[in-house]
Amino acid sequence: MSASMPDLTVPIGSVTLRNPVIPASGTFAASYGRVYDLGRLGGLVPKTLMPGYRPGHPPNRLTETGGGLLNAVGIPSDGVEAFLDETLPAYKGWGTPLIVSISADTAAGFAELVRTLEGQGVDAIELNLSCPNLEEGGRSFALDTAMTAEVVAACRDTALPLWAKLSPNAEDVAAIASAAVEAGADALIVANTLTGIAFRRDGRPALANVTGGLSGTPLKPVNLRCTYQVAQALPKVPVIGCGGIATLQDALDYMAAGASAVAVGSATFTRPLAMIHLIDAIATHCTTKGIAARDLTRRA
Amino acid sequence: MTAVDTSGTTPATNTPRPAPSGPPVFAGDVTVRSITEGSGVTVMTFDTPHAFDGTRAGQFMMVSSNRDGAPLLARPMSIIGTEPLEIAFGYQGEGTRLIAAAEPGEKLHLLGPLGDPFPPLGPEVTVVVEGAHFGTMLALCRERHAAGEATRVLFVTRAPEQPAGPVTAGEQDAALMAMFEPYADLTALNGDAVIEALEARHPGVVAAGAFDHVMARVQAWCEAGGVTGYAALQVAMPCGIGACKSCIKKFRDDRYHLVCDGPIFPLEEVAF
Amino acid sequence: MSASMPDLTVPIGSVTLRNPVIPASGTFAASYGRVYDLGRLGGLVPKTLMPGYRPGHPPNRLTETGGGLLNAVGIPSDGVEAFLDETLPAYKGWGTPLIVSISADTAAGFAELVRTLEGQGVDAIELNLSCPNLEEGGRSFALDTAMTAEVVAACRDTALPLWAKLSPNAEDVAAIASAAVEAGADALIVANTLTGIAFRRDGRPALANVTGGLSGTPLKPVNLRCTYQVAQALPKVPVIGCGGIATLQDALDYMAAGASAVAVGSATFTRPLAMIHLIDAIATHCTTKGIAARDLTRRA
Amino acid sequence: MTAVDTSGTTPATNTPRPAPSGPPVFAGDVTVRSITEGSGVTVMTFDTPHAFDGTRAGQFMMVSSNRDGAPLLARPMSIIGTEPLEIAFGYQGEGTRLIAAAEPGEKLHLLGPLGDPFPPLGPEVTVVVEGAHFGTMLALCRERHAAGEATRVLFVTRAPEQPAGPVTAGEQDAALMAMFEPYADLTALNGDAVIEALEARHPGVVAAGAFDHVMARVQAWCEAGGVTGYAALQVAMPCGIGACKSCIKKFRDDRYHLVCDGPIFPLEEVAF
């Protein structure tokens, strides 16, 4: 058994992640740099950026339910300028790829954000397609092949890699994935949260927005299924699994389903070092098996 | 063993790092040293990780149980002492119940210190506090007492028969007031009497942590009299560190602000 | 406080359940009559009946995952004759409504089963719409308004109440519910399982069928949301909530979302007396509040 | 209080009930009386609910831990004794680990007795068994011993170095064999030697619980010699009582059958 460090890097198209573990957008902040060296992560992903100032949803925005979390934060935003001036600098210089998640309520809005992010030291763009499409009565982009393709195509006029983040609420997630890839997506993040609801003991909805996104352990079987379906349908496209990942076994399960890397969200709230411990566990696992991290992925 | 390929990436150790946004924060399991429980209030001390040295009143940490079935989210607790690290809390729901169930020697998971402390408040401070916000204010009184500064406390009592975890609010309030007594000049009163009491004392600075309707009155009184006020806010805090954007409170600029960016804010900024 | 028994009966259209707790189809058998008095349940629901002999899926058919269960049983069946001769008699005579769950891979197949069940002492028919529609390339009936309406309409030529069981995999469950009701459904069961996947430690799928239905606690926030959406869209139609119900609070949550009754599945496997304990807890709750069980339901 | 409205329903107590499909089954928490653990085998006794009186070899019960974080599904365990109620099991995964972790006085949740026992087998019985199926066969040997009937046991050992829970299979097999010894005439052998051993003994009846490849050979031998055989089957059992339709094994009629309808079946019916 060699004692040398295993190769943990994984290629997601033209971007090489330092290791297969990145944060799930919206569950991470540069302030975790006070807790651990952000350079240890596979990549960095700030909270989804949207155009302009947005208050987000009123409180309560988050609750524990069904063994997971339910959130309706509503993507509050201080706008692009504040993002470029205040948020982005804290994410730069860690020596690990920077993936910026964006969303908008029109395809043109997405494209505008991509243009703004060019030349800003960003390594890839994550398209959060779960937002409501204002031009289609508020139906989420990620539920529809045409709407998904429209967003990706509108953004494609860039040298930046485009990663499309899909929704497990889609009836046929593989069809949405194919539409995204045909329109030019370089990689897929599978997936965002499932729509759920929770009530307080007094029978009132626990979240001000009533419905919210279910994350954490309960999501895993569903997003694992989505990952498997997408990887089966698109064997050549890199997939980043997301949903209920906390342990080495969770990560290995997503890799067995075809994911090259994983995004960790809710687990960070439960244990702030969750990603660091997962990376260590993957390193040990690779060392024991004498393989590189990229060899953990099973593809058709 | 596949050889290390660093072509696509820079090794973590060779990169100059940007400055993190604040002092180091500890995350990990810490051994419980002692627990005392009485009248629905638990006081707990821990072996103290070095990162907590220099913690100041107003700062808090996230605490969670390692037991099977513990809630997914940690619970925020004001740090009321650091030699050793100490918290005090009332039993509320599942999170505090399991934290309170810890035995000496058991390890709890901590993240902290978090938040910004009170600024220097000067000699003339009156604290307005009730049972649900006592931790932060107790820390303030203790810190001032250690620095030889006196503090006046207006303790807003609750309806005595209402339940407060396993005991009545009356019993819990009495126990909490006893915790303040060594460190402050304490007056118990009900919410309606707060303004009268402030009038009678004319403090230079007010630090308040109480229910919103009390806070609104204290805010109005401070503004009317040009008195500097600070609010210690409490809302549910899923992450404690600015990642979840859930711990919000509306401010007078009509925007939501993250309470974990505080939890101490200038009183005039907050909308109650 | 009166010590008399509260009124636990709840009307589901023309059927009066003895109390608001019935078994979820496929998680119950008459053999539980060896464990407790089946007359204590709100109603009885055998496993879904399908036409003809069907082997069901090969093993493994069920696994624990993500805090819940994942199953791909595949509705094995010995055919209608065996059902009428052997299964049904064990469910009769308990003095509580008998609801027979049926499914088929064509709308005509559903209708044929309804005809067969007439005059057999059945009080209502549950239409399990989660089956693949053979005439539409195997897409589940419950995902499509037209397919759902077709099944209900095909079955409607009966005096038996028709309860349509919906799927949380549907993108817009309220639209499916409306289609079912317009076609003649008398009540709705919301809902069946979510499609998921689980892997074994060696990276192979845990179920022979690869994908399966996620049930239990993780399903609750999603099916609760479906229940809420359906109840909001159809304030006059009785809804039976289903998904992750084990405790009194779970049942009250579904009732806060608009359900008149609840169906309990996976919880019975964890604690065989789960339904009995739930009924006792509802009775105590109603006694304490001085209300009838039907008053627990919150409708728009 | 709303008045009771029974118009739409018949009160449970006044209705003539259909006969349930079998004798009563107990469900509920039962106190663990004693636990002995050694060489990866746990033997556990319980306070015995009356429903277990008259339980016979081949019957089983579903056992689950009440601890936080316990698996959702109970684990099936052969009942090896009823005075007091007794089980013996090897540590496999999370379910058996938590059951084995119980302390005397702790309550476990039981459902049973379930399944149909062995029919009367007559005097000339040889048992074929290995470590994973030992519970059922130990119950059989004990029952026969108590009735004054002798039993021969061919114990198929596993590769001694392979892991069996926390110990090696060699160590666990030795411990299991020691449990059979008071009740049976025991021979240890490996799977390849089973047929030879059966040839040498010519039993009138064979009862076998072992890995499929051993079962297939025993089945063929029984058929060739017209010897009556019984198979004790084991597959994962989520409910134990016929509700989940998951505990299936393919039979020679090319259909899946529920193992919990057995778990003892005529050997010739099962496809191995």
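Order as written gives the chain letters A, B, C and D; numbering starts at 1 within each chain.
What we mean here is this: a contact is a pair of C-beta atoms (placed from the backbone, for glycine too) under 8 Å apart; a residue touches a chain by one contact, two chains touch by 3 or more.
As the structure is a computational prediction, the values presented were derived from the model and not from experiment.
K.L.:
Can you compute the centre-to-centre distance for subunit B and subunit C, using the mean CA position of each chain? Integer Å is fine.
P.N.:
About 47 Å, centre to centre.
K.L.:
Once you find the CA centre of subunit B and the CA centre of subunit D, what distance in Å lies between them?
P.N.:
For subunit B versus subunit D, the centre distance works out to 56 Å.
K.L.:
What is the distance in Å between the mean C-alpha positions of subunit A and subunit C?
P.N.:
Computed value for the inter-centroid distance: 34 Å.
K.L.:
As a quick test, compute the distance in whole Å between the mean CA positions of subunit C and subunit D.
P.N.:
32
K.L.:
Multi-chain contacts only, two chains or more: what residues does subunit B have there?
P.N.:
Where subunit B is concerned, no single residue meets two or more other chains.
K.L.:
Quick check: what residues of subunit A touch more than one other chain, meaning two or more?
P.N.:
67-68
K.L.:
Connecting every touching chain pair, does the picture come out as line, ring, star, complete or other?
P.N.:
ring
K.L.:
Throw together a list of every chain pair that touches.
P.N.:
Those chain pairs which touch are A-B, A-C, B-D, C-D.
K.L.:
What does subunit B use to touch subunit A in their complex?
P.N.:
Counting only subunit B, the residues touching subunit A are 1-12, 14-18, 20-28, 64, 71-74, 109, 111, 235-236, 238-239, 241-246, 248-249, 255-256.
K.L.:
Report the residues of subunit D in contact with subunit B in the complex, numbered from low to high.
P.N.:
These residues of subunit D touch subunit B: 67-69.
K.L.:
Over in the complex, which subunit A residues touch subunit C? Could you list them?
P.N.:
It is residues 65-68, 70, 143, 169-171, 194-199, 201, 203-204, 210-211, 214, 217-222, 224-225, 228, 244, 249, 252-253, 256-257, 298 of subunit A that touch subunit C.
K.L.:
For a test of understanding, state which residues of subunit C touch subunit D in their complex under the given definition.
P.N.:
On the subunit C side, the touching residues are 1-2, 4-7, 9, 11, 16-18, 26-40, 47, 55-56, 58-62, 64, 67-69, 71, 73, 76, 89-90, 92-97, 216, 266, 268-273, 287, 290-292, 295.
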